[in-house]
Amino acid sequence: MNNLIHKLTHLNRQTIYGILALGIILPLLFPLRLPEHVSPPVQRLYDYIESLPEGSAILLSVDFGPDVLPETYPMFLAVLRHAMARNIRVIGICLNPAGIGLGLEGIQKVAKELHKQYGTDYVYLGFKPNLGATMLGLGEDVHKVFPTDYYGTPIDSLPLFRNVRNYNDIALVVSFSGASHPALWVAYANARYGEKIAAGVTGVMAADYYPYLQTGQFVGMLAGMKGAAEYEYLVEKLFREKGLPTPPPFAIRGMDSISIAHLLIIVLVIIGNIGYFMERKQKGA
Amino acid sequence: MGWVSLSLLWLAVAAPPDSLPADTLAPRPPRVLEAARFHLQDTPNDAGHSVTLRWTYPPGLQDSVRAVIVLRAEAPDVPMQEVKFIPGAPTVYKDMGIPSRTPFYYRVLFLTVTGDTIQSAVLGPVEAYPQWFHTGRIPILLGVVLYVGLLLWFIVQARGGKELFLRKIPGLEAVDEAIGRATEMGRPILYVPGLSTIDDIATIASLNILSHVTRKAAEYETPIIVPNRNPVVYTVSREIVKEAYTSVGRPDLFDPDQVFYVTDSQFGYAAAVSGIMMRDRPATNFLIGMFWAESLILAETGAATGAIQIAGTDAVTQLPFFIVACDYTLIGEELYAASAYLSREPLLMATLKGQDWMKFILGTALVLGSLLGLFGITWVHHFFAGG
Amino acid sequence: MHLSTDPWVWVAAILSLFIFSFLYKDNPLYKFAEHLLVGISAGYYLALYWHNGMYPNIIAHVKDGNLWYLFPLFLGLLYFAIFVPKYAYLIRWPIAFLLGAGSGIAIPATFQASIYKQLEGTLLNPLNTYPSALAVFNALLIFFGVLLVLTYFFFSKEHKGVLGATSRVGIWILMIGFGASFGYTVMARVSLLIGRLHFLLGTWLGLLRF
Amino acid sequence: MAARTIPLAIVFFFGVLMTVQFYIPHPVSQRLYEMVLDWMNGVSAAAIILAVGSLVKHHWRKISRRENVVYSGVTLLAFFFMAFLGLFVSIAEDSLFQTLFANVQVPLQATMFSLLAFYMASAAYRAFRARNLEATLLLLAAFVLMIGIIPIGYLIHPKFADFAQWVLNVPNMAAKRGIMIGVGLGAIATSVKIILGIERNWLGG
């Protein structure tokens, strides 16, 4: 008994690391599909996109780099899948030079899955430096800010832009970011032009952005792996209803891993405390 | 719908409308808002490249305005250029990026939901010019003057030899003991002066503690290892360690190889310091200064080697990790109190008194401002917001 | 399984495993990866300091004939005084410049960002500006919380009596804050690990797909 | 004189100059500010030469003492190769310099960063012991957040996530603000002491 208590209060690091590694890796390979509860900010973004008539255009801004990929990339994919499955036209841009490739990769991948036509159903305009000027410029004229798309094709020749000129023709901007981009979108596109903004942000940044939800400056927000998982869950349900092949549950798996990791840490701490109190009692006795 | 018609409209109004017969252009003559509604002035507190235009609407008009166009010209009688199109019904526009000390004329057009255009009279001239004093920063100036005054007052007092009380700061009490422990165990001391640059005040605070720690370590002839992430901090910490050895009469103990630069890469540095902790097995680790996410990598590796660890940082986001993984943690302002605490130098201690008084004053302002605020009096809020 | 055929992916993956091996214990593989990282990154930053610091901020201006920039060039050269023992103390001049200018910039900027901004956010507003009773409660809690935490930082008075009590509660608030931050950060750190695992299991080994 | 007085004078001069500059929006002052920032960047960057000198000497000494030969050799080789590429070949987007950065430095850094997931667990296990009230509050707050974030929190109580968010936004905010105000005062006092030459440890006390 003494021995056991001692062992529990003095688990060595390697044991803890091993347990945690298994707890994180196994759910990635074999998804557990822990029950998902969709939180209101996620639901609101989903509902907003759901409410748009077919053929509307939305703008997805890839404002993240590979450093925060695990959290933001699945959000980007999930929103893309939702929009494209609903025949909403997607304009992809990128305001973080490290995200150019990620944006292209994601948009091409989902377009291929859902058999979408470049130039008609979606476009990718690539990267623009100078955040503020770009965000403001889009309120005046997309054609001036992005004369050509990512491939160098003049956007005047793309059917999608025949009736998309500025924010008036873009129903929503979603900024995926691990930094301050969503706040800038609010300051420039929302405050000046009344454009609807939503955000997909990392868990760390989310705390800073909750006020934007309360004031209604964000239509909705996906926060961290959890927000991404919830959106994936909604999109998965939609795909099932539409009889489409369901996409791989990237963030859902990740959220399983996080849940298990949290529970393992909590259990370890509790075990450590039980041992600690029993030891203390023995010493006292 | 869009503002596609905008350019047409602009063509129609770009020529000064009052010089044209009204019925040739528009079915109804444009209404003109009197100049008294407009206030045009140089934008205050800037480098002189901007003017600010403010206006008020006649009763009821604001609700029917859907957009505003601001026009500008260098003379009152030449065609004006559109400088800004603003959707909604704003009441202010700041025209930026214009040359200093050049007269400009403005005209504002209001587009209403009914398709009418209402225009202002020609406004101006106005010149943008630079200012020598930023009146918006007066609150900060007052704060700085008050605070520096307090600090100086207590410094002067201390010159008169007044004894000051200092409360115990456990993390600093433990410094000497921690150095002693390394000496007993015959193992080195590791000192990480944070990962920031020299103009980060936390780094300076850390280097002050390094000076003290090195002197103590020199007395005991215990080696101290100081790896650096920033090149400038490396040069300064090298000087500090060298000077500290000299000041206790042991310049012979200074080994230039004990203070070194590792790399600017945050995690490269963390990897290397983790390696040092595992291989050189320092008995005491000081992690003091500015840290980012690597804080827990350093603190946890140190804890794994069984070293006694004293941490200190003003990085609010990293404090939780130091609190959890280190034996002692200097929290925020305690880091800045360290130099005075360790040296017991009266002039340095005096400023702590000044810091406390300022805290008291700010706390009082917070209480009074809040009481006033609850009753709707918010000038205290504006004072702090002016900062 | 679709193993990656990109050799750089293999390099990155193997080096990542070397770093992970440190979790078990310090070993030659980690030591190799660590020394490689230090060398590569030091070289990287040396080049960056030249291309982003020395050249554009000083040399380019001097080349343009702006003689003001001879001053920092002169200060920069003084670093090398340490190689001449007699004049080694001259290294203090560039340091003094950086310390002085840095401190000077910090004073008003810190007053603005860490003091006024925080006070402004803490001040209570007229009751009718709060959207709900909970918002009022939260604002009051933050208001008193900040005051109590501040009392913990009083140095020149012993923490006894009233100050003892308030500073004690101040510590409690600090601890709740630290605990919350810690708990909240776990998710972010596990997310990072998942990112690495995705690289290893997905990009490298092809066991996972997006 | 040259060893102490001049450095103290330099500190005082630039300290006061840059404090005062903040209140002057005039272009002259703005240009001065930008120039001093340039100078700071440049003077800081110059220190890298001394710094890498120390790195090279540090490892060279190890090699000549025949300890750590292989590892220090790796560091030196990697350093010189990368520096050579960066200074004399190219740092363009598709250069070998950038390829090495992206495929060696970045993954190594990212993996080092990701070790934190494990360290969070071991640190929590070791330190989260309910020894006293303070430690218990720390532990409980961490639990609330860890449970509140994951779906299980919802099963415990539908409002649990909101409560977790509240702990983060309210008590945590109070703690942060209190710390920041104190830090601000401490940092300014230290700056003032540096400028006035009262704090002169950097000159050797």
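We just call them A, B, C and D in the order they show up, numbering each chain from 1.
Rule of thumb we're sticking to: contacts are C-beta pairs under 8 Å (C-beta built on N, C-alpha and C of every residue); 3 or more make two chains touch, one makes a residue touch a chain.
The shown structure was predicted, so the numbers you read here are calculated from the model rather than taken from an experiment.
Of all chains in the assembly, those touching chain A and also chain C are B, D. Summed over C-beta pairs in contact, the chain pair with the top total is C-D. Distances from each chain's CA mean to the overall CA mean are smallest for chain C. Rounded to whole angstrom, the centroid-to-centroid distance between chain B and chain D, based on C-alpha atoms, equals 16 Å.
Per-chain Cα centroids separate chain A from chain B by 30 Å. A straight line joining the Cα centres of chain C and chain D is 3 Å long. Across the assembly, chain A contributes 13, 17, 24, 203, 207, 224, 226, 258, 261-262, 265 as residues in contact with two or more other chains. Among all residues of chain C, those that touch two or more other chains are 19, 22-23, 31, 33, 37-38, 40-42, 44-45, 48-49, 79, 82, 92, 95, 98-99, 101-103, 105-108, 110-111, 115, 119, 122, 146-147, 150, 153, 174-175, 177-179, 181-182, 184-187, 190, 192-193, 195. Among the residues of chain B, those in touch with two or more other chains are 137, 140-141, 144, 147, 197-199, 201, 204, 231-232, 235-236, 239, 261-263, 265, 267-268, 271, 304, 319, 321, 323-324, 331-333, 337, 352, 355, 359, 362. Chain contacts in this assembly form a complete graph, since each chain touches every other chain. Against chain D, in their complex, chain B makes its touches with residues 45-48, 100, 130-134, 137, 140-141, 144, 147-148, 151, 155, 197-199, 201-202, 204-205, 207-208, 211-212, 228, 231-232, 234-236, 238-240, 242-244, 246-247, 256-257, 259-263, 265-268, 270-271, 293, 296-297, 299-301, 303-304, 314, 316, 319, 321, 323-325, 331-333, 335-337, 339, 347-348, 351-352, 354-355, 358-359, 362. By the touch criterion given at the top, residues 106, 110, 117-118, 120-122, 124-126, 128-131, 139, 143, 146-147, 149-152, 154-155, 161, 165, 168-169 of chain D touch chain A in their complex. Taken in their complex, chain A has these residues touching chain D: 11, 13, 16-17, 20-21, 24, 34-37, 39, 66-67, 203, 207, 210, 224, 226, 255, 258-259, 261-266, 268-269, 272-273, 276-277. The touching residues of chain C, when paired with chain A in their complex, are 23-25, 131, 184-188, 190-195, 197-198, 201, 207-210. By the touch criterion given at the top, residues 137, 139-141, 143-144, 147, 164-167, 169, 197-201, 204, 231-232, 235-236, 239, 261-265, 267-268, 271-272, 274-275, 278-279, 317, 319-321, 323-324, 331-334, 337, 352-353, 355-356, 359, 362-363, 365-367, 369-371, 373-376, 378, 380-381, 384-387 of chain B touch chain C in their complex.
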